[in-house]
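Step one of this worksheet: look at the structure below.
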Amino acid sequence: GGGNGGAGQASPGSAGGGKGSVTLVIGAYSVAKDALQEIMPEFREEWKQKTGQDVKFQESYDASGTQARAIAGGFEADVAVLSMEGDIDKVEKAGLIKNDWRSGPDGGMITRSIVVMGTRAGNPLGIRDFDDLTKPGVKVLYPNPDTSGGAQWDINAIYGAGLKESEDKTGAKDPAAAKTFLAAVHRNVESMDKSGRASMAAFEYGVGDVIVTYENELLARIAQGVKYDVVTPSRTILIENPAAVVDVNADKHGVRAAADAFVAFLHGEKAQEIFAKQGFRPIAADVAAEWQSKFPQPKELFDIGYLGGWDEVRSTLYSSRGVWYQVQAGR
Amino acid sequence: MTNMLQNRWWSWGFRSAILLYFILLIVFPIIGIYGQSLTNGWAALVDNLTEPIAWKSVLLTAKLALFATIINILIGTMAGWVLIRYRFPGRSLLNSMVDLPFALPTAVVGLMMLLLLGPRSEVGHWADSLGFTILFHEPAIVVAMVFVTFPFVIRAVQPLLEEMDASEEEAAYTLGASRAKTFFRVILPAMVPGIMSGAMLAFSRALAEFGAVVLVAGNIPGRTLVASVYIYGQIESDNPAGAAAVSVLLLTFSFLVLWLVSYVQSRRTGR
Amino acid sequence: MKALWITLTFIVFALLLGIPVVRIAGGAWDDGWSGFAAGLSRPEAVHALMMTGLIVVIVTAVNALFGVMLALYLVRAKWLGTQLKRIMNSIVDLPFAVSPVIGGLMIVLLLGPDTALGSLLNKAGVPIVYALPGMVIATLFVTFPLIVREVMPVLQEIGDQQEEAAHLLGAYAWTTFWRVTWPSIRWSVVYGVVLTVARTLGEFGAVLVVSGNIINKTQTATTLVYEDVENFNLTAANAVALVLAACSIGLLLFMEWAKSRKAS
Amino acid sequence: MHVEVRGLNKKFGDFQAVRDVEFAIGKGQLIGLLGPSGGGKTSILRMLAGLEKPDSGDILFHGRRVNDLPPQERGIGFVFQNYALFKHMTVADNIAFGLQVKKWPKPKIKERIAELVELTGLAGFEKRFPHQLSGGQRQRVAFARALAPEPQLLLLDEPFAAIDAKIRHELRSWLREMIDRLGITSIFVTHDQDEAIEVADEIMIISKGKVEQKGTPWEIYKNPQTPFVASFIGESTVIEDIASLKGFEAAASWPGTKGLIRPEYIEVGKENEFILLSATEAGRVSHVHFRGSEWLVEVQVGEIKLVTYRSLEKKVLQPGEEVRVLVHRAYLFNDNDNWVMENKLKEDPLPVHI
Amino acid sequence: MHVEVRGLNKKFGDFQAVRDVEFAIGKGQLIGLLGPSGGGKTSILRMLAGLEKPDSGDILFHGRRVNDLPPQERGIGFVFQNYALFKHMTVADNIAFGLQVKKWPKPKIKERIAELVELTGLAGFEKRFPHQLSGGQRQRVAFARALAPEPQLLLLDEPFAAIDAKIRHELRSWLREMIDRLGITSIFVTHDQDEAIEVADEIMIISKGKVEQKGTPWEIYKNPQTPFVASFIGESTVIEDIASLKGFEAAASWPGTKGLIRPEYIEVGKENEFILLSATEAGRVSHVHFRGSEWLVEVQVGEIKLVTYRSLEKKVLQPGEEVRVLVHRAYLFNDNDNWVMENKLKEDPLPVHI
């Protein structure tokens, strides 16, 4: 029905378990939509068998940061599925997540991916690595890190690759060289769209030669029949996407059990398979092993820890006068 | 007497209702934005505004919005005129299409422009061969702005033309004025309030348009980043004060322009 | 000369409106009728369209009433000083100068569950943000100037003598309005309403922020389209967009028909 | 400009507003259009100006058919009945408009505006907008605007209706003077018969879309060709039983004939004021009104009520007073014919003037 | 309704349109407002109606101050100078409006419309819209609309300006009759002096925002209180050197005094037409015009040009003819004073009327 009533208000009497139905409100980032929508029916079935209760989902998909802010600002999601821990942190900071979500299985992460490059079929420009993005005349697409969580991963990857390269050459991390590298790539950027998806769309309609994006995004497009080449750079970053129960909301709606179960389910085999099919690198060890061959390993894969963790990245890269700002302002 | 009292109460009630609505719905959120811009104090506001990326985006937006508005004034006046004064097959279809740009979701609009102006389109090719790119450059932004503000001038001009008294026009003819002259000296000035009304709306809307622009603008700071996208970025990167600061700049600018226009107009017609 | 102008108008319309619409229509039919039907018959599409319809009705009604009244006051009222009128006049347009995103954000910040007013209303069972009321408010804010701006110039053009005549014949504000003023401003109100409807159909930014975009709950047609576009579900996006476009065109064709019927 | 109109017809829907109108006007003439409201005067002017397309008929200026000429090219000045001022222009701009169109040099335009503003008594109002003017002031602007470019043909639709007698008089003489000087042909509509009679070279009476009569004021007064004209021009009383009046007994030989008597056909007074007492009737004053510069006297003669004027210089008559009434003449008409009949008993030694 | 106005002032911007206007009008009176265009007549009516707020001053109806009463509650009928018809309503709907507002029963409204439509000669036009009417027809609709609800106070701003003499006459008499029957108080603006004099109980002369004089037509004519009124009312010639005329030599004792002579103060004729030849001047006819029901004769007496009328019944004078001129009286005025002076040589046995 209509639009009355507050968001996330579960149907009454759902707390008890056993009978009736329960409504789970999911606030997720857009990229996860296809996978989640495949997973939900599976969970519904399982839950029904287990408790005899019907689970209904109310889903909202938006850019990760937007979603985080919406939840922090009062959107009563029971489960948050976001593209990076920083966004879950936002929700936590708003006092909505009380448990230590990182201590869960897989450190709270449900999927992995890496930042890769996509080119037109046949890789006409012969792009092999991030270095090639600095060549004059190469038109590069990545989204705007101000608005897109994905873009932050992309920038992190390029910046980190620069850092790694300097470390490989000189033995020490040279932030200045990394910054120069990032700036050189940035000069070739044709457009910074507001989200990874928008960037992908632009690429799909003929804009640019190379897109820097999540591996799973590219794989999903290729699975749809679009012809791209995936170029895995020699040095790139490992992406980890978290999911967490928003305690305050789940308790308020009395759907704690289902919410916990759902998050657990996301870590489970069935869900991980589905994620993998959608192009995510599974996090569960057994599934990961099974899919190992499907996902090429970059020469040097680093994680956010290499850059000092999200807090450090936010303060050095994305602060108001940080590296990213200086790159844009051309300083 | 009860009748009179009733009337007084009614009119008083209406007045308060309107004013209240106006204040609550319009003035309040706007004041809210001003307040928001000051959450971190004046210094922060000044900082946010002197930020080159910020003011460059505002300048760019104002410039392009002005362009778009001028284009819309021209084609809007023409289309409004043609749709009201001439009878020709297809007229009502055209008239019904006027509001399309509003009804179409901006996401689709942006996408269409991407398709129509992009490198794979005829237009894109043609522009490329002439040595400039439309997409992700200023022309695309202007086209997007023109598109999303297209109905304003037309719709503001039309009812005016319908209500206009024919005799002024006739008087001009008898004084020897050609149709063109009559249009420019007699009819157009009468249309000016409508054109202005429409143009102001178009200008404001163009200043703030996001959805359609963001897909085709390129959003490169200092070059193709428009204010609304900058604002969006600031919000997304958890700097609502910075977003509000730029908004405040646009709002103040807009307000001043609007005030000036209404002042000049009232001076010009003595009303 | 006349032919030239008509041709030019056709060209402008074809370039600016015709081609995109054809493209959209073509896109909606990419997978033939079934794709189009599937795009529209999804439960979330049906729900989103209903949601949009509901908002259109409420917003149009409220803004038509208040917009016309405010236009009347801004043009005629003597109890508002000239200066005050001029300032209000300039404020009327400001919602347009506010980026819809920040407009929506303001509503979240002012009426969200964390604010005094918001929590009060929430307790009373009327949640504003991430629910219909907030979406309506956001849309009201965003579309507010349309009707006011349509009506004001016409009120100025027709002058106040007919209204004075009605007053002297004993007609109070209400009668005067309905019997004398309304027939003259009718078409401007209609155009304003059509614009409002169209804008409401197409409104995205502000609604996205205040709605939370919950599928089958607060998702509107436009936010659905946005999501479909994001997910490369272009056929469905085009199908919904086409419905919105058709609504807008249909509304105006209906108005034209009503008008011509009245004229004959 | 020589103006000729042939077989002009105009219908609005089913309503025939103008019906077979024909006339010719010589260059430099000033023609007064008189006629009841709704008679078709404005419609005729609008067709002359090219603002309305005739259903049939020709309009010729200088012998050239101009039916298909747009108004711009007809060289016309038009004062609209409802002024049709340019609302968004000042008085000065309104007047200047036609001159600017004709590309007059700026200083000459300024001069002309100054002259017309002075003439129309609008000095000091140049910067005002029409909505800041009084009704008469607006009309004067319309007048000045139409005259400014000194058009070849002037069409004035009640140009003085809202203006007081004094200014009207001045404008009228100035108009007359300008017309004579420049040889402008003019047609003006008026409801003021005195005005028409005073300034027009010829008068055209229009009623129900038809030209009832065209001629000099004196001709029309002296020899109205239809009863309508006779009763429309001047004041008059229609008397059913005219044969009952002394001196008009002969009228009885035309059955169905009525008489029309104007105030100036009648003299009232005490017995000593008349030489030809035998031609007078006995009457009784029923009313005396002051009428500006005369007394209006109503007298009852038998069954008949007659109206006449009496000089303020003469002895004031009192209601109820017995007086003598001399009816000099009457205008007789029946369904087929109409003619003037002098009082047969009057042996006035002077020749008959009327 | 008894109407009283005290110290009324109105400025438009810097322009003082109405200045200290004071007057009182008894119930059932019909007052004619006369005055030059732009004098402030419309402004006064608008303030009475409540359409314009006076800057200062009081308006009292029946002794009650109504300044703050909205127009709806003043019970006024108003005929606008430019009609202000409801564009979107037919003639019938326009007339019915006031009645519907007053919730008259339908059949009565219909009846009233029929009556007014008949009266104003608009039968057959009930279904027309204003833009399909001629100027005069529109004005008649405005008139009918204002009168339909039989208001207590009628304000008519040149209600007959666009209407021909005949209909005007009828409407006028009907108005007079209705006013008398219902005791309606009325104020009407007119530029037609004859009209004002004919129907008004009292006349108020307004000039430059001030009331120059208020009184019965006869009072104003006989005893104009300012030179402005004297020259505004009726026709007149102002003579600088009045003392040079026979019989007015005494005027020389007030230096700076001018004379104002009306046509009806003067008689012209051949010698045999005068009894008191000694009081006449010698003159020469310079022009003779036909003026509807009289001849207008211009005579030159020495340096002075005088204008007078001559009956059509008398012998026609020819331009250039030598005639005798008798000036019965003159209205003398200087900066301080004004008075009427009779011709000292005239030994008219009759008492002086004027």
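Read from first to last, the chains carry the letters A, B, C, D and E; within each, the first residue is number 1.
Note that a residue touches a chain if its C-beta (ideal position, glycine included) is under 8 Å from a C-beta of that chain, and two chains touch if they have at least 3 such contacts.
If you want to know which protein each chain is, UniProt gives these names: B = Molybdenum transport system permease; C = Sulfate ABC transporter permease subunit; D, E = Carnitine transport ATP-binding protein OpuCA.
Being a predicted model, the structure only gives us computed values, none of them experimental.
Think of each touching pair as a link: the shortest run of links from subunit A to subunit E has 2 of them.
The greatest centre-to-centre distance from subunit E, using averaged C-alpha positions, is reached by A. Which two chains touch most often is answered by the contact tally, and the pair is B-C. Subunit A and subunit D, compared by their mean Cα positions, are separated by 92 Å. Our note on geometry: subunit C versus subunit D, Cα centroid distance of 58 Å, whole angstroms. Note on chain placement: the centre of subunit C and the centre of subunit E lie 57 Å apart, centres being C-alpha means. Chain geometry summary: the mean Cα position of subunit A and that of subunit C are 36 Å apart. Shared contact sites, meaning residues of subunit A that touch two or more other chains, fall at 66, 198, 201.
Looking at subunit E, one finds that residues 70, 72, 82 touch two or more other chains. Listed for subunit C are residues 172, 184, 229-230, each touching two or more other chains.
Listed in rising order, the residues of subunit B touching subunit A in the complex are 52-53, 111, 114-115, 118-120, 124, 135-136, 214-215, 217-222, 224, 229, 232-239, 242. Within the complex, the subunit C residues that touch subunit E are 78, 161-162, 164-172, 175, 179-180, 183-184. On the subunit C side of its complex with subunit A, the touching residues are 50-51, 54, 108, 112-114, 118, 122, 127, 129-132, 135, 208-209, 212-219, 227, 229-232.
On subunit A, the positions that touch subunit C within their shared complex are 2-7, 25, 27, 30, 33-34, 58-62, 66, 70, 73-76, 195, 197-198, 200-201, 204, 221, 224. The residues of subunit E lying in touch with subunit D in their complex are 12, 34-39, 41-43, 81-82, 121, 132-137, 139-140, 157-158, 161-168, 191-194, 197-198, 217-218, 221, 231-232, 234-235, 262-264, 267, 289-294, 311-313, 315-316, 328, 350, 353-354.
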